[in-house]
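Once you scroll down, you'll see the structures, which are given as structure tokens.
Both complexes below contain chain A, partnered by chain B and then by chain C.
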Partner chain A sequence: MTTLLDTLAFNDEGYLLNWQQWNEQVAYEIAAEEGIELTDRHWIVIHFARKIYAENGDAPTLRQITKQTDVSTKEMYTLFPDGPAKKAAMIAGLPKPTGCI
Partner chain B sequence: MTDTTFASEPVQLGRRKKAEPKKQRKLAIICSKGSLDMAYPPLILANAARMSGIEAHLFFTFWGMDVITKSKMEHLHVATVGNPNMHPSFHIPTLVGVLPGMSLMASEMMRREIARLDFPPVPEFLELLHDAGAHIYACQMAMDMMKLKPEDLVPYAEVLGAMEFLEIADEAQILFV
Partner chain C sequence: MPRTLLILGAGTGGTMLANKLAHTLDHDQWQMIIVDQEPEHYYQPGFLFIPFGIYRPDEVIRPKQRLLPASVKLIFSEIALIEPDQQRVKLVKDDQVIPYDYLVIATGSRIAPDEIDGMLGDGWYQNIFDFYTYPGAVALAEALKNWKGGRLVINIAEMPIKCPVAPLEFAFLADWYFAQRGIRDQVEIIYSTPLSGAFTKPRASATLSRLLDEKRITVIGDFNISEVDAERRVIRSYDDQEIPYDLLVTIPPNMGAEVIGRSGMGDDLNFVPVDKHTLQSKRWENVFVIGDAGNVPTSKAGSVAHFMLETVVENLQHHISGEPLTPSFDGHANCFVETGYQKGLLIDFNYEVEPLPGKYPLPTVGPFSLLEETKLNHLGKMGFRWVYWNVLLKAIDLPISSQFSMTGKIS
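Showing the complex of A and B:
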């Protein structure tokens, strides 16, 4: 069975290679593979991450997300367990964030 | 079974692997320093660990107690005398460093740089670590020595002895700062 993700290219760590091939369905499918069911709160983070990437060419740091959206640090760890900034970028179809905070 | 059809393809079409951590990693840091410059590295590392899905345990002892003591944590200083790291951007010769106010000035400079890099001030950073699920411990012996009571510390600090900490740090990668 061929899924949408089978038609796209990813790196070894599971990040989409071309962020412009992303759409919401891609996000749903990556999230499902990562065991995350997307809610409105996830979408706030995902759309913010893509906006920042379009502006800076780097996925936002966790601190940027928590300072510039109404999603708190605690909530980020609930929404995206096991590495919130990385998982948010992954589902948003972006490369891993490089910031340290 | 290997799929030979795509063996020579440079990109991995249709082979997205679930980003599964190989094994549950665990980081334990002993924080023994209370100067502004040495307070940050353990906090930054512990936060990076949590952001990567790694467990983080911070054990504060000796001068590190200042970092989690409510009355001290906002006023940590950089030493301008006897600190060989006072260069190049913070260069203050030792003989100048002894003048009144020099340490205060250097500390303010460093605080500005820390804020510019978007690292929060110490109290907010600890709060952030707590929210991120990092564990904060206070050394019982250091508390006795400095006559500190649990209510003098940030509320989420758990008081324990070195042996208990080592039990918690079992199988962790341990750092001493």
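Showing the complex of A and C:
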């Protein structure tokens, strides 16, 4: 059986190559593969991440997310365990944030 | 009436720029003003050596006045507010207002220990120290001298940080220092970082991990600090891991100057959004940024400020003459990494190319070995202090290109 994700191209680390091929169903399926069930709180972060990417061409850092939404850092770790900014970007169909040099 | 070029900050970037422009701007048409809040210039790469007694504190300080050209007007004051839409800057001292034609922001970055809960409690400068400030480095020297051993935890709170190799160098030098004192077996050295490995770039990370291993330094990766519990002497991460410490050496979050935030010119860390190739502000065309006050995705280091200099000077001149800007800055960074036992590595990289092994050519003294421990790299690092005061800050051309080059590198 071909799933929705099989029809899309991802890089080696599992990030969607073309962010414009993303839709909410894609998000549900990436999240499911990561063992995450999306709630309203997740969606706040996902939509914020896509908005920032559309403006700046870079997925937001954890600090940007927690300063500009009402989601705290602590909550981010509950919503997106193991590297919240990276995981949020992945589910939002964006490249890995380049925040760290 | 002459036009005004205003530089905010007389640190590494601002000083180099003032010296360079002193030779290139027409003094009949331009006045140059530089504002800074502190009279002393610190050689910041030297802070690393102070805790281990390798440098005396007085070896890293010079008066700013003496490092600047006579043709620049130097004002010591805090900056109250930058108003880029009105093209003016308000100072705290005497409520002065300085209108400008061009503004160069060189306000740098600073540590913000208050961003981490519990950091500035009872343990601060007792058994919790930074070495990114002069007082921190000096206090840590005193603490290390009297330390009998235990768990030394080096923690990077958050990226990006100024000179991202300095925490590693600190770990390497600590290993050497305790070995010399004959107490290395009584010291456990833990290096904890929010990155997955020792460094941000894969090839360098592999070399540096091997060195950490050889020197019995334990790396704890993916550790995102949420708080310091000074009473229990542990640092805790957002996902509830704990690392106990006896002595904590912290690299707190690094942020741009508060005035950048106050003036609405910065991102979430008060860094000024800037075009990464032209170094022009993304919002105001007569505003440029040099050094680590901007948000360009390369290392926040003095070498980078140096490599930015040509681009900023060129583009100021282009803009003044109404010509298109040159996108010449390529993210070039170049760092000696001190590894202890009088050896060091050299890494050289840019936006596109990560640090690679090979040779770095330099007339007369070089070539230096890249990504390989040598005595010559150590001598390069130690000799750099002289170069900094006498050549770099004076904006005298060095025999190395501002642009990154693959010459000598093995890819």
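Note that in this section the second predicted complex is superposed on the first by the 99 of 101 C-alpha atoms of A that agree within 3 Å, B and C clash if a C-alpha of one lies under 4 Å from a C-alpha of the other, contacts with A are read in each partner's own complex, and residues count from 1 in each chain.
Definition applied: a contact is a pair of C-beta atoms (placed from the backbone, for glycine too) under 8 Å apart; a residue touches a chain by one contact, two chains touch by 3 or more.
Just so we're clear, the structure is a prediction, and the values are computed from it rather than from any experiment.
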Touching partner for A:57 - first (chain B), second (chain C), both, neither: neither
Chain B versus chain C as contact partner of A:12, first or second or both or neither: first
First (chain B), second (chain C), both or neither touched by A:90: first
Which superposed partner A:68 touches (first chain B, second chain C, both, neither): second
Between chain B and chain C, more extensive residue contact with chain A: B
Partner chain in contact with A:98 - chain B first, chain C second, else both or neither: second
Touched partner set for A:77, first chain B, second chain C, both or neither: both
Shared contact residues on chain A - chain B and chain C: 61-64, 73-74, 77, 81-83, 100-101
Contacting residues of chain A [partner chain C, same complex]: 61-64, 67-68, 73-74, 76-77, 81-83, 98-101
Parts of chain C lying in touch with chain A, wherever the complex brings them together: 158-160, 164, 194-195, 200, 222, 224, 226, 238-239, 267-269, 297-299
Touching residues on chain A, where the partner in the complex is chain B: 2, 5-14, 17, 30, 33-34, 61-64, 72-74, 77, 81-87, 90, 100-101
Chain B residues touching chain A - in the complex, by the definition given at the top: 11-19, 21, 44, 47-48, 50-53, 117-120, 128, 131-133
